[in-house]
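Here it is, the structure, as structure tokens.
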Amino acid sequence: MTLHKARLIGEGRPLLYATAGLVVLLSVVPMLRLLVEAVWPSGGLSLQPLREVLSDSATWRATRHSLEVGIAGTLLATVIGSAAALLFTLSDIRAKGPLVFAFVLPLMIPPQIAALSWLQVFGPSSVLLKILGLAPPLGSPNPLYSRAGIVLLLGTHFAPLVFLSLRAGLRALPRDLVEAARASGARAPATVVRIVLPVMMPPLVAGVALTFVSCIGNFGIPALLGIPANYQVLTTLIFQRLATFGPDVLSQVAILSVLIGVIAGSGIAVQGWMLTRKDYRLSGGGGDGLPFALGRWRGWIEAAAWGYGLAVLVIPLLAMLCTALVVGYGVPLTVETATLDNFRFILFDHDASARAFRNSMSLSAAAALILVPLCVVLAYFLVLKRDPLARALNVAAEMPYALPGVVLAVAAILIFIQPLPLTGGTIYNTVWIILFAYVARFLTLELRPIIAGCHQLDPALEEAARMCGAGILRRLWSIVLPLLAPAATAGALLVFMQALNELTVSALLWSSGAETLGVVVYNLESGGFTTKATAVAVLAVAATVAVMLALTLLAGRLPRGTLPWQK
Amino acid sequence: QSGTLTLYTSQPNEDAAETVEAFNAQYPDVEVEVFRSGTTKVMGKLMSEISGGNPQPDVLLIADVVNMEKLKAGGHLMAYQGADLSGFDSKTYDADKTYFGTKLITTGLIYNTAAQHTPETWEDLTEPWAKGKVIMPSPLYSGAAVNTMGILTRADGLGWDYYEALAENDVAAVRGNGTTLKQVASGQKAYGMVVDFLAFNAKAQGSPVDFMVPERGLTWVSEPVAILESAENKEAARAFVDFLLSKQGQGLASSQGYIPAKSGVEMPDWLPEDRELTLMEKDAGAILETMEQDLKRFEELFGAS
Amino acid sequence: MAEVKLEGVTKDFDGTRAVDDANLKVADGELVALLGASGCGKTTLLRLIAGFERVNAGRIAIGGQQVAGPDTHTSVEDRNVGIVFQSYALWPHMSVAENVGFPLKVARVPRSEARQRIERALDTVGLAGAGERQPGTLSGGQRQRVALARCLVMEPDVVLLDEPLANLDVHLRASMQETFHDFHRRSGQTMVYITHDQAEAMALADRVAVMDGGRLLQVARPDVLYHRPATPTVAGFIGASTVVPVFVRGGEMQETRQVDLLGVAVTVRAEPAAPHDGAAQVMLRPGDLVIHDAPSDDRLAVRVVRRIYAGGHLLLRLVHDSSGAAFTVPVAEDSQFGAGATAWLEILGGWLIPRDDPS
Amino acid sequence: MAEVKLEGVTKDFDGTRAVDDANLKVADGELVALLGASGCGKTTLLRLIAGFERVNAGRIAIGGQQVAGPDTHTSVEDRNVGIVFQSYALWPHMSVAENVGFPLKVARVPRSEARQRIERALDTVGLAGAGERQPGTLSGGQRQRVALARCLVMEPDVVLLDEPLANLDVHLRASMQETFHDFHRRSGQTMVYITHDQAEAMALADRVAVMDGGRLLQVARPDVLYHRPATPTVAGFIGASTVVPVFVRGGEMQETRQVDLLGVAVTVRAEPAAPHDGAAQVMLRPGDLVIHDAPSDDRLAVRVVRRIYAGGHLLLRLVHDSSGAAFTVPVAEDSQFGAGATAWLEILGGWLIPRDDPS
């Protein structure tokens, strides 16, 4: 018996400290480095930039706008995402697997492409509307260029975050809790509202918090739709500051970033507060519940679900395909104009693309795989051990995701531009700095669902393993991780998809040989090769689908319910 | 010449690659490391590196002088007195020889070939038939657009009245040239202001767009190159600048579809036969000086909400 | 209030038959206890009545209305059945009072009335004042009582209880049995009550249904089950008993038979229709056995294998070595039979079990 | 194998005291049953011994090693205690065999040996062949047996069982009791066994600890608990009994006292140190009571409130109206006392309860 040791270090302390150290490095250090930049630019204390930014009315207008679209977009995403999660998990809707696919994949469609394709479908040049004779005249103002348009795009683009998180939670819902409600006379709507959703608070709130942070930190959508309407949010304001590049630009950017961080952090604080008030531990396992029968509504609801899938996945995807299959942007796709040249070029003639596929695939997969154990350990200490250190890190973990990617990249540069202490080596100008930034940035995407999963764990399951003599690593690996598998996969999938698609971080961090897909798309695009750029994007979606299908082949070896699209 | 030369540039990828290739044909022992991105991102990266105390590039090749001026003011640029500037208009380079224009990238009019009208002048964009159908990059987010705004608002007969008229005519100001091109090519908008090479690339690929040189002339930037004070391989850096300013270098720019800055070099083939190439007057110093007020003014004009 | 009627109800779970051709009629106001070994299908049968599972064959009617059949399936909400789950099924996000009050909220019972009824229900299960606590902080038995209160409060037509007292101590168990008894008498509700405790089943139920391997073996009044079990399994389930193989040697009376029981001649009770010869099985109750410390012709030599203290008296576990038959006989606390000793059993009577178990 | 020693162990949960100054020594190889009402702190005490909770005060030693104290806390993994959880705590992502085999995997037992031990354990609990099933498809009792097997297989120094038989039917319960008994004898392991079933506690345990409101009221051999309970609560917990207030009127012998019991004079057993006068309480067992259908001076008039069928005999619930005292008396199945009738109780003896319950 190791009494002495037990007294000195407690249960799993070294593991916690190691994890905490990593998280500090990933989340706290970049934020601190930015703070230093904000008030200590070029080696001396200066409050001038701070005063300037805080007294600028543009700052507060952008903050208000950020909050407006952030909250409204989150609400929309929550409604869509949770409705879909409930329908696809608890109802007898048909073709659940394909529906889940159709619901998750839009995360892979760059929102600007979705927006453009909608603009096309509902705009002056719409083939469909032209046939119907409903096409608005060329040049008429488009309603998507507005606050409402931004909210719509944010809501639909980030709905999968809520969806995946909630679906992972719903799969652990003990059958008898629903049955007890129904036996109490509650019908499906009352059962869902009064029992299912409240019990599912942890994953739901996790999804909502993630969405909120994503909406606040998103740049692409407000840049596309807000700039023409001169509707400025914090992220576009930061970009503007960088573009027009006044004196102390980095300080100003740092201060604005901190502002975003504060908003995101308060979202997480609200989340923490909501979850500590009540008890959400579920005992007993999930079970194949008797799904709610939709009855005569089933046809209509299925039509609505597929209609939504059509709008957010098929139309943008077709638009991408149409663009990638013609020689020049704007050329209508006909038998004569169709060509595979773009794909041929990307696949065979463009070394950078091949490298980028390799890099992005391995970077995304590596980030997802690194984050799973990291987050499981952190969530374990946070939720099951109620460790104060882990709690403190919980909020910090959010920051790198809330910051605009450019800003995180700036922070990464500031940290790693000087040779590493002790070793004297450097990861600057290598893929490793991108990996660092990815792991830091997407930490929260993995952490939120896993924390939610932890909230629903029956503590006795872990205690039983302790009784068996299993040490902490053993328990985490054999018991906690498999039980959290659905949440972990949901998170890993989010990380993988977001990282594969990501541009803003790697745009500043890549170097020759370390291109990412985003960089290649951007470079092609800005050289005027939109059709080729789109071909890359199409191939990225195809690769994601391939990865998901490959996972399906592994499904037999994974704990039940691990893959969101599995039955 | 040997060693590694680090180049940060906002040139399109293909062009940058060709430039490096041609440079290497002359200096095979210099290994050129290229970081390419949009001007904003290149500058963001560079400023972060400077702030972190370890700037990486030896040579910087970006679209506009405004950023060069700021770097110069910060003391980050090295003067290269020995540069061969014969044939270069003095407007294209810094009098202190810290940066040198390498080519002229112009902004003119673009239109969708399916549109009813063909804009011939800058003023056409304020015509009633163009109302709501015009798009342009916003100077708030694009350096090239700042430049265009600076030139047009200083031109006789245009001035701020012109921008007011544009705002009246519901012109959309978007993030950059890429968006502008796409919107016109896809028919969302009919007319726009855009940089030349994007329009010609698109046209060459078959997009239903065409480029128009307005009667008054084009606005332009000179894509300056500069050597950083902190450059580690100044030798190679000088060689690189020499190459860009040389006849071959300028010829390469021309063959890539840019207007060379050095006189006596062949013009690119896209230049219309029937129209004289005119570049509008430009005072970079003045533009830089009033930039902040101008941006505010622009924001107010186009500030819908 | 309603009668519950099952006809030929069958339920399969991917291949295994959980309930097999069950026929049962629970009269209006009757309390039927379902008794059976673990895994015999009791919970499944209850879930079929409640409507959580669909029947594979057969019909179920509640109050004369068919609720389940080849092509009918009324959903749970519309059956007005109350259920107490074996696993409690308390909602973790609600306080105790909210859990109990949920059926009332669904039924839109006015607040003040709801509050009263919740308090009454909590009082009934001995949890008055615990309304504000969270289920997660309750002990196992406390949780079960909350589940009970939640069912009581909704006053349904049919109440289904899945081992509602399994986690309670004797004390509370006895008083909850009283509660049930009173509650059942007063409300006159039809109840189906699962238990694995035969004493509880006999004490509470009007009739007891004994289940085994998905089948209902016998449904009868407690005393009938006790004295005249239909199969060896039923005999084994109800009260302490030993079932031994015998050979019937005839019998003069309609209701008795002479049998050869492990070499000893015994007169046992039997059904009139029972055969007058051939192999059969006889059930012996502790009351049929007398233990002696000396042999005799009509006594069976057995070995004492264990003395079990049972409070105020001892139980002796006895084994008849050649046949392996085991007996449990109560003796006084100061009995001198020690483990390993030999004793002699006198057999006063028994019951000739009429049928074999269905295989 | 190890002795377990608790000294002054106390545990609070935000304000409420779950375990209060518990002192208990379980000798090496002893089986102690923890008996008590729902919510009295049994599970908490077990979790303290296992190491899942930290003590607020007091010490716990296992095998002479202090494992919990003011500033020691050995973690669970290092205590080598086996636990069977009240809620089973099976891992849903593992098959039955994997659940059972987990402790062996942790201990790096070679595969082939592990397979054998798993099979043996499953066989012991009557689940041979169920190794490949998923816990989610098992019935309640089946799950409990898997949890049991998981504990058996790891052969720990100390085995802690939290109501391991609560969900089993009598049949299986009796046979599992045998299993435990044999297993305990063979392995000689120290065991602490929570149950709310006093019959089980008395049948299995070397000593029984009765708990109430977080306190250990009495720890003693089963027959001592039955005949000489220390407090009214203990008396109520062990076997059927009635506790009535009496007035002591002296007594000649050391071990008996004369008392006035609801107006009737009775001689009861008592501790030598028991007072010779004053108010006290007496416990009456069913064996102390004889029921009559005619009055007499030394008989108590009571009302029959319920007849409970108990298999082969009836239990009569009797109430003495003026005092409210309730009695349960076994009578023959054909007894003529109907509900509502009046009967007369003769009281043969009783036990003078030495202490009151701690408040």
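As written, the chain order gives the labels A, B, C and D, with residue 1 at the start of each chain.
The working rule: contacts are C-beta pairs under 8 Å (C-beta built on N, C-alpha and C of every residue); 3 or more make two chains touch, one makes a residue touch a chain.
If you want to know which protein each chain is, UniProt gives these names: A = Iron ABC transporter permease; C, D = ABC transporter ATP-binding protein.
Here the structure is a predicted model, which means the values were calculated and not measured.
Student: Per the contact rule at the top, check every chain pair and give me the one with the most C-beta pairs in contact.
Tutor: Highest contact count among chain pairs: A-B.
Student: Using Cα averages as centroids, what's the distance between chain C and chain D in whole Å?
Tutor: 23
Student: Would you kindly tell me how far, in whole Å, the mean C-alpha position of chain D lies from that of chain A?
Tutor: A distance of 54 Å separates the two centres.
Student: Mind checking the centre-to-centre distance between chain A and chain B? Centres are C-alpha means, answer in whole Å.
Tutor: 35
Student: What are the residue numbers in chain A that touch two or more other chains?
Tutor: Each of 283 in chain A touches at least two other chains.
Student: Among the residues of chain D, which are close enough to touch at least two other chains?
Tutor: Expected reply: 87.
Student: Could you list the positions in chain B whose residues touch two or more of the other chains?
Tutor: none
Student: Would you please name all pairs of chains that touch?
Tutor: Touch list across chains, by label: A-B, A-C, A-D, C-D.
Student: Sort out for me which residues of chain C touch chain A in the complex.
Tutor: That would be residues 50, 52-53, 75-77, 80-83, 85, 87, 89-94, 102-103, 105-107, 134-136, 147, 150, 154 of chain C.
Student: Within their complex, state which residues of chain A touch chain B.
Tutor: On the chain A side, the touching residues are 37, 41-42, 116, 119-120, 123-125, 138-142, 145, 147, 223-224, 227-231, 236, 239-240, 242-247, 249-250, 326-331, 337, 352, 406, 409-410, 413-414, 417-418, 428-429, 507-508, 510-512, 519, 522-531.
Student: Please name which positions on chain A make contact with chain C in the complex.
Tutor: Contact set of chain A toward chain C: 174, 176-177, 179-187, 190, 194-195, 198-199, 201, 278-284, 290, 293.
Student: Across the complex, what residues on chain C touch chain D?
Tutor: 13, 35-39, 43, 86-87, 137-142, 145, 163, 166-173, 181, 196-199, 202-203, 222-223, 226-227, 236-239, 285-287, 306, 308-312, 315, 333
Student: Quick check on the complex: what are the chain B residues that touch chain A?
Tutor: By the definition above, chain B touches chain A via 12-15, 33-41, 43-45, 47-49, 51-54, 56, 66-67, 70, 112, 115, 130-135, 138, 140-143, 146, 170, 172-175, 178-179, 181-182, 184-190, 197-198, 201-209, 291-292, 295, 299, 302-305.
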